[in-house]
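Contents: one structure, followed by commentary.
As written, the chain order gives the labels A, B, C and D, with residue 1 at the start of each chain.
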Amino acid sequence: MRTKYFLALTIAVLLGSGMLVFANPPAGSGSISGKITYTGTPPKMKPIDMSKEPSCAKQHATPVMTENVDTGPGNSLAWVVVYISAGDQGSSAPSQAVRYDQKGCQYIPHVLPMEVSQQLQIYNDDQTSHNIHPLAKVNSEWNKSQPPGSPPIDTKYEKPEFIPVKCNIHPWMHGYFVVLNTSHYAVSGPDGSFTIKGLPAGKYTVTAWQEQYGQQTQDVTISGSETKTANFTFKVLPY
Amino acid sequence: MSDASAQPQVHHLSPPTGFIRKHVFSLDHKVIGLQYYGLALAAVFIGMVLSWLFRIHLGWATAAIPGLQFFSPNGAPGGVITPEYYLSLLTMHGTIMVFFVLTNAPFAGFGNYFLPIQIGAEDMAFPRFNMMSFWTTFAAFLVMMAAFFVHDGPPISGWTAYATLSSVGRDAGPGQAMGQNLWAVSIALFCIGQLLGSLNFIATTLDLRTKGMSLSRMPLATWAWFITACIGLLAFADLLPACILLILDRTAGTSFFNPSGMVVSDNLQPHSGGSPLLWQHLFWFFGHPEVYIAIIPAFGIVAHILPTFMRKPLLGGVRVLIGCMVAAGFLSYMVWGHHMFVSGMNPYSAILFSVPTLIITIPFTVATLIFLGSIYGANLRFNSASLFCLGFISVFISGGISGFFLAQPSLDTYLHATYFVVAHFHFVMAVAAIFGIFAGTYFWMPKMIGRMMNETLGKLHFWLTFIGVYCIFMPMHYLGLAGNVRRYSAFTDNYLIPLIPVHKFITVAALLTGAAQFIFFYNLIHTRWWGPQAPDNPWEATTLEWSTTSPPPFDNFGGRHIVVTADPYEYGVEGGATDYVMQTTTGAATKH
Amino acid sequence: MGKVFCVALVIITLVSVYPIFAHTWWPPPTISKTGPSVDHQLDETLIGTGVLFISSQLILAGFVWAFSGAKKKIKSWPGGATPVVAFGIIIVGLEILSLTFVGSKAWAAMYMAPADEHALHVDVQAEQFAFFFRYPGPDGVFGSIHPDKISDANGNYFGLDPEHDVAARDDIVVGSLAIPVNTPILLTLHSKDMIHNFYVPELRLQQDMVPGIDIPFHFTATTIGKYEIVCTQLCGLGHYSMRAFLEVMSQSDYDSWLKQQSGD
Amino acid sequence: MSTATYTPPQTTAPRTRVAVPVVTATKGIPSQTGVWVAVSAIAMSFAALTSALIVREGSGTDWHRFVLPRILYLDTIILIASSFTLEVSRKRFAAAVSSSVAPSGSSASIAAAQRSDGLYWLNMTLTLGLLFVVGQVLAWRSLVFQGLLLATGPSTSFFYVLTAMHGLHLLGGVLGLIYVGYRLRRNARNAQTSLGTAAVYWHFVDLLWFYLLMVIVIRM
């Protein structure tokens, strides 16, 4: 009697664990890193006049600049999303939520990559009402205001898409939700560098996306725990 | 139309017995009148609660209103009203009050109940149209309410629904998707209902007057309803096509109101060549007469009630006031442009519109002077009804005076769209009309439901309301003088911040005055079931409604043929048992 | 009851008019050339209507006190209705005539008179929910507007096309309106989405900005300072937050400001 | 309104309250008044639409004229014809009334004949009315085939709106006539008056179409 239960239990445990083992993607140790640069003269970023929103203006000693083409030393290009667009061997399910802040009448971060159906939390850290209007085309579009002191907006996106985000109250506030099918992605920093970690051996197509200059792809093959380099160069125009 | 001639026949011999026919789809103008009144009562309650919500928001912008988040999770996250939800509340408040209260109660409600009785008819000319009229209006109300429950909430474009905010669609902001569609459909339905009603009123007044009821013997209330019907007939016939065009622009991709090259929330709109001003012209050509549709019935009601409690006829008889109302109604179609002085319309036309607008103050000034002159030498009897009549005169003066400012383009450049405007139209249109409704209620309820209302509660209600409305709306003039723009959900501009205390004061006053209305609701409901029986003529009044039972029988006069032998307001007559002469002497009203 | 009503009404009347006499809440001092005429018009109207308001309310109060209750023989107004009607027509008619004549002049000066031909020309773009101002730049020519190029994302609020349109390259686009004092200004008002409104209380002026129409609008500021431009036409959820600043500078300050703007 | 010709219905019909119609109707015929009031309201709303049309034409540069489907003119003729047939049927019924009160013995049969004759012409009117609506639909179809849709341009938008609204009013008239015909067949009390009332409305809708056609021809 008792043994019967025991047997059943052990079988169940074995089966379960076995399934878990197979279900988990092979946690790889390879990685892809590189630098995003540009050629040509970039457009001049304009200073943002926040005088209509004093509570925000006083948070910035120097005027905030527009960020759609954010260049750095050595022709580096920031806010470029690099991700595995093909060859990905299943990603780990999105674990924790990504956080999007409205602070000093800016979206932080300017570009927010996330995985499909990953939890997204939007906070208003300002003393003024904000309005979040992601202009989604594939996913469902919504438009909500967030007065100071109201709870964070908790949502998620079900389909991959590059979604421009705007604030209907502060027209200069602009950002992007980048909803991806993979958990293997990175955003280029102020120096233009990025690193995608945790890649098992395999052939990959890597895509770099810039909000104004579109996408570029490269094929990268990873064998074992090596770090491959993939640099991207965008051609920019002054206007 | 052909249905019409059938009406003398469909007149039912005996009252219908079935509940549905008797109380729901009734052809009896009295039941329909009560239905309109009840609808207005429900609407005014909703509208009042909405005003509370946004007044609280205006006083304390970040205050959380507990429970509101359950009613509208998007509009009030955590109970804090968002800017767009503030505008939704404002829009619905304006729409509900203007259409479903100020048009329904004094005109459609009391009018349906008392116009046929006051002219000695046993029903409206077209009872079926009458029933359709109410149920269309009711459907319109349901559609409007549905806007609260659609995904992104009620429309945010104000009761005037200016294009292009109203005509673009969802890009314009939350509430401008389905909410605005429902708004437009509801208003279109409302127009149809009111057109049917106006048709009925006019035909009834012209054709169903009993023997001896010449036009000059018609009570002033009936005159007011008749004139209002004439105004409404044209006004709503103008708004209906406007609504149709708006719906087409929103749903069918036409470009009546939408110009070329609009970029709304980063989307280039696929429209070309439309004119946003066209909507304003169509709307205000209806909109200004609508103000008179709201105020003239109240005017007539007061003019009808006052003589009864002054125990003397009005100065100059009924003719002067009739002339005033007709003149005002006529002029109301030439002044719509004074809402558009700074709209980008040709500046020369501003002066053309300003002159008739100033002239329109003459009939109302004369009417007010007539009221004042009539009070001279009266034997004023004080009760809830007469107090509200006197209150009406006072608030009507207060509201009318500020019209002098707004009628002038050169001042409108400073005062346009400020709280000065809000104060003006609330005093002259909303509060005055509401006072008329209250006066009518206290005066006629004994007749309508056969029970006397409680006078003590009525007087208490008057005093709180009278002082309350001055506390709410007088300060709005000062805000306007200080340049406080209306329809702002928060006051972040440096020059507005010092004015916030005034808004707090107004909010408190509004909450208290609103609370005082519960005395009225209680009084009404208590009277309906537990009030003392009303005699047939409790006020010693003269007009026909008082020479029948309270409430009147199904055919109003128990089959008696009324023959009118006297003018409407024969008070202060000497050498008789009473100081008044009834309009008819045929058969004393049967007692209970 | 009549006496109570009378007292209440008198108190209400006096309390109501006090803040207006005391100027407790009052328009800010005007800074425009045409402002004084508006203020004068406002005062005149206040006096005229104030007299009407107080007198009529007090008459109502007095009559209610005098003729309440008691069963006495009713009297009717001596002279009947005709003089009353005549009085009403005459007094209001006079008021109207005076106001219309004075008022039309003020209005004409603001809205009908053409702008000074040497006026400084500034382009204004309104959108949900901000104003933007455009100066022609060194070449003195405005670049043409292409709605399809309008984008908040890269700050191209006017829809300029510098790639192909040379005149557009040096256009100066800023978020607040800087003007030299005592100089006639001519604005061209555009709107890219809703009907907005250009309102500066100190200027005593407002004008709707209608999409699809370019509305010329001129004024002259006479006092140096920083003032608020607000929108008074319901334009959407951010209506309350739609504003910019009007900075009236001395000619020299303005020149240096302009140089600095076109510099970077 | 034409109250002069009206003779108050006597209290013969058992279903009416004693003498009440006499009292209520002395001032005029409600249905007659009503139809005129309704007509003025409808005229008002079409006036509003016309002014909107004129404003809109001036506001934009995108007002394009287009070739009107010829069938519109045929429709016009049909509608005029329907007005005539309606008048004929009215005459027949009037004659029927007069001959039924005539003392001669055979009058009843004559009256019956005239009544059926009137009904015939009434049905003719109905047919023509429906034919008109069909014609309008055909006109729309031809526009659609040319690719001129509701949202194509302001002129087409107004064309569809005006014709559709007029069509609805005409269908209302058709329903009215059907009801009147039913009452006439039942030989109901003052069905005559109903016919007169319906005729006023029908001729108005006819005139209205004339006016609209003018507007359309001039502006489009």
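Things worth noting here:
Heads up, the rule we're going with is that a residue touches a chain if its C-beta (ideal position, glycine included) is under 8 Å from a C-beta of that chain, and two chains touch if they have at least 3 such contacts.
Note that the coordinates shown come from a computational prediction; the quantities given were computed from them, not determined experimentally.
Minimum number of contact steps separating chain A from chain D: 2. Using mean Cα coordinates as chain centres, the one most removed from chain C is D.
Summed over C-beta pairs in contact, the chain pair with the top total is B-C. Separation between the centroids of chain A and chain C, computed from CA atoms only, is 47 Å. Here the spacing of chain B and chain C, counted between their Cα centres, is 30 Å. Chain A and chain B have centres, each the mean of its CA atoms, that are 55 Å apart. Centroids built from CA atoms put chain D at 51 Å from chain C. Looking at chain C, one finds that residues 127-128, 152-153, 212, 236-238, 241, 243 touch two or more other chains. Residues of chain A found to touch two or more other chains are 53, 128-129, 131, 145, 164, 166, 168-169. Of all residues in chain B, those touching 2 or more other chains are 82-84, 173-174, 259-260, 265-266, 273-275, 277, 490, 492, listed in ascending order. Taken chain by chain, the contacts fit none of the simple shapes, being neither an open path, a ring, a star, nor a full set of pairwise contacts.
Applying the touch criterion to all chain pairs gives A-B, A-C, B-C, B-D.
The part of chain D that touches chain B in the complex is made up of residues 1, 9, 13, 15-21, 23-31, 33-35, 37-38, 40-42, 44-46, 48-49, 51-52, 55-56, 59-63, 150-151, 154, 157, 161, 165, 176-177, 179-180, 183, 188-191, 193-195, 197-198, 200-201. Taken in their complex, chain B has these residues touching chain D: 1-9, 11, 13, 120-122, 125-126, 195, 198-200, 202-204, 206-211, 233-234, 236-238, 240-242, 244-245, 248, 252-256, 259-260, 272-275, 277-278, 281-282, 285, 555, 559, 561-562. Of all residues in chain A, those touching chain B in their complex are 53, 128-129, 131, 133, 135, 141-151, 153, 164, 166, 168-169.
Residues of chain C touching chain B in their complex: 1-2, 5, 8-9, 12, 15-16, 19-20, 24-28, 37-38, 41-42, 45, 48-49, 52-53, 56-57, 59-60, 63-64, 67-72, 74-77, 80-82, 84-85, 87-89, 91-93, 95-96, 99-100, 103-104, 106-108, 110-112, 127-128, 147-148, 150-153, 159, 192-195, 197, 199, 201, 204-213, 215, 228, 230-241, 243. The touching residues of chain A, when paired with chain C in their complex, are 43-44, 46, 48-49, 51-53, 66, 68-69, 128-129, 131, 145, 164, 166, 168-172, 174, 211-212, 237, 239.
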